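The structure's right below; bear with me while I get my questions together.
Read from first to last, the chains carry the letters A, B, C and D; within each, the first residue is number 1.
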Amino acid sequence: MAIDGPTIAEVLRQQGISRRGFLKFCATTASLMALPPSMVPAIAAALQHARRPSVIWLSFQECTGCTESLTRSHSPSIEGLILEQISLDYHHTLQAASGTAAEAAREAAMRENAGKYLLVVDGSIPLGNAGFSTIAGISNLDMLKETAAGAAAVIAVGTCAAYGGIPAAQPNPTGAVPVSAIIKDKPVLNVPGCPPIPVVITGVLAHFLTFGSLPELDALGRPKAFYGESIHDRCYRRPFYDQGKFAETFDDEGARKGWCLFKLGCKGPVTYNACATTKWNQGVSFPIQSGHGCIGCSEPGFWDAGPFYKALSMPIGPAKAAIGAAAVAGLAAGAAVALRNRSAKKSAQAAHQKVTIDDLEKSK
Amino acid sequence: MPSTPADDEAWRGNALPLLNEIRHALDRLLASGETTVIDLGALPMGPQDEAELLAALGTGEVDATINAGGPSSVRETAFHGVWLVTHRNETGETQARFIEVAFVPELLMSQREDVADSAKALSEQLREEQNIRK
Amino acid sequence: MTALELLTWARGTGLSLALAICAFGILLRLFEIFSLGRKADLSPPRDASPGSGWRTIVSRSLPPPGLFKRSPVTYIGGYVFHIGFAITLFFFVPHIELVRGLTGLSWPGLPMQVVDISAVAAILALFAVLASRLMNPVKRFLSGFQDYLAWLLTLLPLLTGYLAFHHVVADYTLMLALHVLSVELLLVALPFTKLFHTVSVFVSRWYNGDIFGRKGVAS
Amino acid sequence: MSATFDRGINAFKEVLDAPIASFFSSCVHCGLCAEACLFYTETGDPKYTPIHKLEPLRRAWQQEYTLLGKLAKLTGLAKAVTDEELAEWGPLVYDSCTLCGRCSMVCPVGNDIAYMVRKMREGMSAAGHAPEGLVTATTRAIQSGSPAGVKWVTVQAQIKRMQAEFGIEIPVNQENADYLVLMSSWEILNYPEYLGAVGRILNQAGATWTLAQDAYEATNSGIQIGASDLARELVGRIVGAAERLKVKCVISPECGHAYTAIRWEGPNLMGRPFGFEVKHILEVLDDLRRAGRLKLKGTLDKPLTYHDPCQISRRGGVYEQPRTLLNQLAPQFKEMADSGVMNWCCGGGGGVSANERAEPLRMTVFKRKKAQIEELGVKTMVTACANCRVVMEEALEHYHMNVEILGLTELVAEHLDEEQ
């Protein structure tokens, strides 16, 4: 909890880590934050002054998948090292304390690090009824507002916290909203994904840890370094898309040859995330490499954005039924117009007065 | 490296452009002494890409290990000046991989702060020994 | 509303609405046309004729003798636009998937580079025919709001599609949403504007070929 | 009674049909019809663009027979067609369109514009916007049997002349003949040789034929002015005579619109198919030739070309027959650049020649034919339409061109091998 304690460089040094080891740490941190290697000196310089931040982690309407993702990040590792550098003062899944003691820890952290601590949230917040989700008798909404008040910044981890996620899927029975719908007076950084890539979570923490600020964000509040490009653009199967080679089913020749999964519903073109480069499980693979299309889990509204296995260009509404209904309406309206036209023409024919040579000029 | 049945070009489509980039980096190194570091983790690599790249670069004369916060291997490839730097943690898991185009990779050199520490430490040690002899 | 939500609306409700209006409009317009009827021609047709309605549906795609030279921009621009547009519309794999989603029919697509070139050609041709419409005395004289509207409604899907494909101006999701919306605009307008020629051209060419054909002329 | 605007609009509503609705729906204002129309190509004035000549008819269609057009009219977004507008369009519909149908051949969406102009004239005439000259011609045709006021006595005089000149018998009112021969006023007045020629050819072929005292005139001003009621009366005279005399075939003379009137519009005007055939004289000549009943000798050995009358070739389907005959008779026969079904009009068809108001324009647009003749460098032109012939002879005079025009039937008659 020692916000005013030694800097991170000092901590590492105390642990007997050499300058060379420190530089290695900086290099791996840069890679983790998706920053170019040329940023290493800047990171090194920043870490000379960076101090361990206090972190409070709140979990609302969520499935703990985000926490699972984070803890499954191959610790001990650079992420582990980063986590050692933060002071995780409250996380009701991970902490040993429970009940009143846990809440006391949160309150203490808030008090001691007022204005400086980092608030991490996973899960969405129900606005429908405060009783839908509570912790220690406090509604999610109240706890979020109270805890966010003294935070330096809020990091919304996971698609639920970032955009509402599955709880907000139609018909959204709990009235779930994302953090950004409630917290308007603090910087809110979104780390969407269902779950987010663990190194992206730690990468963002590393950035805050290193530079004491949030990284550059896009219009949806996501760090550009990780969400700047679409899966499709960074996908190693992209050349197949360009060549028009597609897997038609999950077990055909194309699928075996690793052709593009667009026709099988891959949402890579409209999904902005780092899966294709950072990958999962220590960089082993990512869904497309494993033969399944991207489902777009890090995009707002992905849960209602149409079936996972329909190509992106396919209609997702009741198009066929609509055309059918319109055709019936068209036939009916057409028949009505046709009858009207026929009768109009018939009456014109009935009104025809035989033209004689006396009718070729207007009467003067 | 997961094995994939494909031998289509797109599975290793990124190796060639990367090799080209390395070639340009060598030119820059010769011309101005500018070093280049490429983070392999930041590139979209197909399943065969990395193997392809490493096979193309080959093995060179230097193979060093740095033991600082876990073992890091610094290996010169068959092309002088092109180094493959792999950082591992204490349990041997790979944390980051870089291609470094330099006369000597930064990390292989002793760091000024560490040298200063060492000078101090050696002086300390000498003083103690002299004290013992006295 | 985020870009993805806009796209979702466009792919869902928007597309359903647009297709419904388009289908409704096409049927209505066809009824309007055919309800006016056509008197049976009592004059005996020629026994053997080189012309017919079906023949003219195809043959009118070629310029008659001498006309190409008199109006090259109209013909070249027209060909490049229509062919480029057709390739882009029918041979871009995502478009084929759309048709498959609606009808279950599908056919092989073309490589993206070919589609890309076709789209660029179609866009350039559209600008060429617009320039010609503004400068050629006949076209300028004939043209009104509807002509320029039809031009714009045709350009928008091509342009937004091209920008989306190349990830320029806006991000892909937003551009794709705008692309789908512009197509929907085109679909809604199709039955009620000059764009209806895409349907009625087959009818009018058939009548022309039939009228000439019974007299023994291949038109 | 008299012509009124309402009768005109009512006529529009009557004539608008599915083909016209599809044509108007298809037009994209590409302007190509203008490039096919000699009234545009020779003047450069965009108002002569063929599809533009139909604008009032198009608006009437849109406002009467389309849902959106009706709504636009009801909400005041679209203004109704006015009588002033029809008056303004009169010269476009009557003076600058010969119903040649060349535009109908080029329209990329297949619009038969000539078909529409013919229909539009129904409304224009009913509204009293037909030009003076055509009204006069039509009135005369109904009253006297000929648009030029030619009476049977004149025909009788020509019969006598031809009988004397060629020593042939010209039968009149003969029943059960193979052919009923008709003439146009122009032939009766200017080219009576046609009658002699037809007589000699049919006699040599051993065919029976006749003239009819009450139906000698083949032309039909009713069609040109666009008054089907009058056109029916005129064509009815021929049908009546043909049926009374029980002929097998009616021969339309060397006149384009006469052929259209009897062959194609006739049964539709009468509302029933005919019990006899209708053929153009060129078709008859070709029939006889095929049957070996047309024996020719000698040739006209000088450079000449053939002018296709629009209604006979493009709108009538008779374009091979004259070529077969000319290839036999004229070794130096040359085609014009645009010939056959893509020919250029003489500029006086479709009633334009009867419309004095159109005369200056008619002379201007003849520049196209003039250029075609000059390009070929011929001094002789053969044709098969007396109206084309008169129009072109006037224009050749106007441009001081020394080119003679021959009727194809006379040319054939001059080369009959009468010794056989």
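Quick note on the criterion: contacts are C-beta pairs under 8 Å (C-beta built on N, C-alpha and C of every residue); 3 or more make two chains touch, one makes a residue touch a chain.
Nothing here was measured: the structure is a model prediction, and the numbers come from that model.
Asker: Most central chain by CA mean?
Answerer: That would be C.
Asker: Count the C-beta contact pairs for A-B and for A-C, then tell me which is higher.
Answerer: Of A-B and A-C, more C-beta pairs in contact link A-C.
Asker: Average the CA atoms of each chain to get its centre, and name the chain whose centre is farthest from that of subunit B.
Answerer: Using the mean of the C-alpha atoms as each chain's centre, the farthest one from subunit B is D.
Asker: So, what's the distance in Å between the C-alpha centres of subunit B and subunit A?
Answerer: 34
Asker: Please tell me the distance, in whole Å, between the geometric centres of subunit B and subunit D computed from their C-alpha atoms.
Answerer: About 93 Å separates the centre of subunit B from that of subunit D.
Asker: Could you grab the centroid distance between subunit A and subunit C? Build each centroid from C-alpha atoms only and quote it in angstrom.
Answerer: Here subunit A and subunit C have centroids separated by 39 Å.
Asker: Please report how many Å separate the Cα centroid of subunit B from that of subunit C, as a whole number.
Answerer: 59
Asker: At least two other chains touched by the same residue of subunit A: list those residues.
Answerer: Residues 333, 337, 341, 345 of subunit A each touch two or more of the other chains.
Asker: What are the residues of subunit C that contact at least two other chains?
Answerer: 28, 32, 34-37
Asker: What parts of subunit B, by residue number, touch at least two of the other chains?
Answerer: Residues of subunit B touching two or more partner chains: there are none.
Asker: Pairs of chains that touch, anyone?
Answerer: Pairs satisfying the touch definition: A-B, A-C, A-D, C-D.
Asker: For subunit D, which residues count as touching subunit C in their complex?
Answerer: Contacts found on subunit D: 16-23, 25-32, 34-36, 40-41, 44, 46-47, 49, 51-52, 65-68, 104-112, 115, 263-268, 270-273, 313-319, 337-338, 341-342.
Asker: Could you please specify the touching residues of subunit A with respect to subunit D in the complex?
Answerer: 333, 337, 341, 344-345, 348-349, 351-363
Asker: Where on subunit A does subunit C make contact in their complex?
Answerer: Its residues touching subunit C are 163, 220, 230, 232-233, 241-244, 246, 262-263, 269-270, 272, 296, 299-302, 304-306, 310-323, 325-327, 329-331, 333-335, 337-339, 341-342, 345.
Asker: In their shared complex, at which residues does subunit B touch subunit A?
Answerer: 2, 4-6, 8-11, 13-14, 37-39, 41-47, 49, 66, 68-69, 72, 87, 89-91, 93-96, 98, 106-107, 110-114, 117
Asker: Mind pulling up the subunit C residues that touch subunit A in the complex?
Answerer: Its residues touching subunit A are 2-5, 7-8, 11-17, 19-28, 30-32, 34-37, 93-95, 97-98, 100-102, 108-113, 167, 171-173, 176.
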